[in-house]
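In what follows, structures are represented as structure tokens.
Next come two complexes built around chain A: one with chain B, the other with chain C.
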Partner chain A sequence: MIWVDTIVQGILLGGLYALFAAGLSLVFGIMRLVNLAHGDLIVLAAFLILTVVNLLGLSPFVAVLIAAPVMFAVGWALQTYVLNRVLGDDILPPLLVTFGLSVVIQNGLLEGFSADSQKLSAGPIEAASLPLGPITVGVMPLLTLISAVAVIFALNQLFYRTKLGRAFRATSDDAVTAGLMGIRPRNVFAIATGIAMVVATIAALYLGIRANFDPSIGPARLIYAFEAVIIGGLGSLWGTLAGGILIGVAQALGAAVNPEWQILAGHIAFVLVLLIRPRGLFPRAND
Partner chain B sequence: MTNSSKSTLSRVIAVLAVLVLALVPVIGSRAMVQDLFMVLTLLVLALNWNMLAGFAGLVSVGQQAFVGIGAYAMFGGVILWGWDPLPAILLGGVAAMLLSLPIAFFTFRLNGAYFAIGTWVSAEIVRLSMAQWKALGGGTGTSLPKGTTKEMIGVAQIKELLGVSSSAASDALTYWLALTLAVVTLLVGYLFLRSRMGLGLQAIRDNVEAARSVGVDPLRLKALVFVLTAFGTGLCGALLFIQITRVSPDAAFSVVDWTAFVIFITVIGGIGTLPGPVVGVLVFYILQRVLADYGTVYLIVLGLIGIVIMLFARKGLWGMFTEKTGIELLPLRHRSLQHRPSQRSGN
Partner chain C sequence: MTDTVLSIRNLTAFYGDFQALFGVDLTLQRGQALAIIGANGAGKSTLMRAITGILPSPAEAILLNDRPIGALSAPEVLEVGISMVPEGRRLFPSLTVEENILIGAHSRTGNGYWTLEAIYDLFPILKERRHNPGTALSGGQQQMVAIGRALMSNPDVLLCDEISLGLAPVIIRDIYASFPRIRESGASVIVVEQDIGQALKVADHVCCMMEGRITLSGAPEELSRDAIHDAYFGVSA
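This part shows the complex of A and B:
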């Protein structure tokens, strides 16, 4: 029974990783942009939510509604004024620019908010749990997983059911031809990054409620997110969810054997999957 | 002055600079020796990373794996097997080279951006594994036994020669080793890039299909560069931690210290140019000095400069300098003697 419990906890943890990864997956899938600052942007969103909570005395769940449009604007501006300039065949400039951005955001937050650990307080719901047959699950982890599924479902609807989604897919497949059909790739990219930042804000909410955060934790979260995206396969959002859950379960199983092996087990699962399938489990687009 | 006589002049200046640097332990203060030691080791790391990312197109963000394994192998040699630290540096280089084989086997299956993430995850795996090595202190790390660095081969002779304390003599020794490593790395890099293999490498960078069609094997060349730079990075890691004298997984495998700084140094100086890292490390050192009192501000400034350079001057400060003046130190272009193109060739 303990194994079932471990695996369930792992799946729930995977929900959090999938949320970290969903925005990344969207941007990666549409414009092949590896955003090394994504983890720090999530932390930035967490500090933004914290500031709104402190200033207006709102619940974090309401504060997200104010933070999300702000983050959309941040993403839109970032793409329009910086990242669009470095997109191209050469992967080096975007990697290095987002790397620089990561260092700037991290140390900017350190200057503004100090290195102290912060936490978003959601009230009694944090400690609540639900008996689910023979095992008990926390309400917050369950809510995280449900949110991850909902976010990915919504992104998929956007991707496959709307005009904007058609523009996303067309640009992803062939930006030049999409341009000939009257789509402006640069605008599409800016909107996509804006949406990715809204998803990052939702991820930040759960990050902040479930654990302490400080300006330096971005890269460590980013690495799980990347693993989820790559394991899932380029451009597949459900694949990203599967990838996040796989990492979560591997970490939970590793931790059950020896607490020191938690992170290591996740990384090793990533390597094993890629040794067998270098393009991930469910690749949609060609890279 | 013609461009070639300007280039000769700058070569003379470069040789003089190395000579002056070699004299620093004799004429300079100990703090200066220690400062310049850090600068030189960062330069070695940057030269290696530049070879990988700038010339072989292998954008690795996991070079800290080789710094860390080099440091740990050196510590293992000294603490577990009783070696002298100097031969243990070589052990560090060899260990890094051996480690680079499985890492290459895994990461070379991934292309472009996946490769970067693959190297990062590999480095994390090595860091977490080293934290399990209980004989070397596990997660908290360990120190070199007291007096180890003062009894290194050569320290006694230097002590006598310069008339200084044992610790100053060991600083001087590690400094000279760092200077030698930097000069050798720079020269080997130059000779390699001027060779047939180096020409193949640059051909791959410019156009893979065309390079393959004339018989260049991209995989073999890139793997060679990956393994050789791992060796250099491992040597540098071992040398660094002789000076630091204390190793822990977090310090030895620090992505900020051994990869982030190195990337900025290379980008600011000029990625894909040989003198670029030298220029970059000078800028880095000056920035660190000037902004030392403002905490993390210098990291922010460093990041912003890196972004601006990538947006507006991809070949960095050295690239801008070459374009303006026509001076090429360590030139890599092959020009025919009869015909000198008057206008700038395309990228």
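This part shows the complex of A and C:
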């Protein structure tokens, strides 16, 4: 029974990784941009939520409603004024710019908030648990996974049921021809990055409640997110959820065998998937 | 307003240092179907790219309803009333047939002649295939989707770049059979064709291009076979 419990805990942890990864997957799927600052932007969002909580005395769950639109604006501006200028046939300039951005965000946060660890406090719900048959699951991890599924579902609805989603997919397929349809690819990219930052803010909420965070932890979040996206298949949102869960389960199983193996087991699972299916579990047919 | 819908004056175009168009002049009358013929590399597609704003041009070199549009971007050109069926169709593989058609109306605000139903009426086979991925259709059906997509913006001017390329003659005939209805809708049409016979059949006016210049222009019945041959190949028959 302990194995069932371990796997369930891994699946729940995977929800958090899927939330880290969903924004990355969205941006990559639409504009083939690997945002190396994604982890730092999640940490930035966590500090933003913390600031709103401290200033207004709100619950983090309410503060996220204020932080999310701010982060949308941050994403929109970042894409419009920085990333759109470097997007092109060469993949190196956007990589360098987002790498630089990662350094800038980390140092900016260090300057503003110091290197001290911080945490978002959600109150009694943090310790609450639910009996689920023979095992017990924490309410917060369960909420995290439910949120991840809801976010991925909502993004899929946006992609496949709305005019904006149609423009996202068309621009992703062929930006020049999309222009002939009256679509402005740069505007589409700016909206997409804005939405990715809203998702990053939701990820930041659960990151900040689950564990301590400080300005330097962004790159490690990026690695989990990146692995989840690659495992799932580039550009596939449900694949990203599956990728996050796979890493979560691998980490939980690794930790059950030996606590030192937790992180390593996740990375090994990633390498194994790459060896067996180099294009990920659910690659898009036209990539 | 004059009867001229699109007017091109002394248009030049460059790819880097390479000059692809040399002082092209062209006039499209309202309701007219104009065919541009020419061999590979004559500058036909470059002219289409310049008109649609993919290639930047001087503002005054292209006038739509007397308004300078040469400096507009591709989305802006679509919004002022010019849409294109691009060479090679360029359907969006992630979109279904219906979504490919609907995306043509992305920036449209008002109503107009062309609706999804009107497109299905023009090409009934597309209604049966509407949930298929656009790129899963045959070449001819894909071309129908590309034409439907371009019509959805209710353009004043429809540009068709090499729509018969790679298609069987019977399919080409079916596609061109839709042109009278397209012209009835009020759209003026420019057809770029390598197939001279087809161009002469469908157009009221024919221009022949060679090496970035217009070498011949006139009504199909006025143009002799030899004159077209000379203008097309640059040598006497």
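Note that in this section the second predicted complex is superposed on the first by the 284 of 287 C-alpha atoms of A that agree within 3 Å, B and C clash if a C-alpha of one lies under 4 Å from a C-alpha of the other, contacts with A are read in each partner's own complex, and residues count from 1 in each chain.
What we mean here is this: a contact is a pair of C-beta atoms (placed from the backbone, for glycine too) under 8 Å apart; a residue touches a chain by one contact, two chains touch by 3 or more.
Computed from a predicted structure; not experimentally measured.
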First, second, both or neither for A:T177, with chain B first and chain C second: second
Dominant toucher of chain A (residue count), chain B or chain C: B
Touched partner set for A:D5, first chain B, second chain C, both or neither: neither
Touched partner set for A:E227, first chain B, second chain C, both or neither: first
Which superposed partner A:E126 touches (first chain B, second chain C, both, neither): neither
Which superposed partner A:R166 touches (first chain B, second chain C, both, neither): second
In the complex with chain C, residue positions of chain A that touch it: 163, 166-167, 169-170, 172-174, 176-184, 284-286
Parts of chain C lying in touch with chain A, wherever the complex brings them together: 52-54, 73-75, 78-79, 83-84, 86, 90, 92-95, 99, 102-104, 106-108, 135, 149, 153
Chain A to chain B touching residues, read off their complex: 28, 32, 34, 36, 82, 85-86, 91-93, 95-97, 99-104, 106-108, 110-111, 219, 223, 226-227, 230, 260, 263-264, 267-268, 270-271, 274-275, 278, 287
In the complex with chain A, residue positions of chain B that touch it: 53, 57, 59, 61, 106, 109-114, 116-118, 120-122, 124-125, 128-129, 131-132, 139, 255, 260, 263-264, 267, 271, 295-297, 299-300, 302-304, 306-307, 310-311, 314
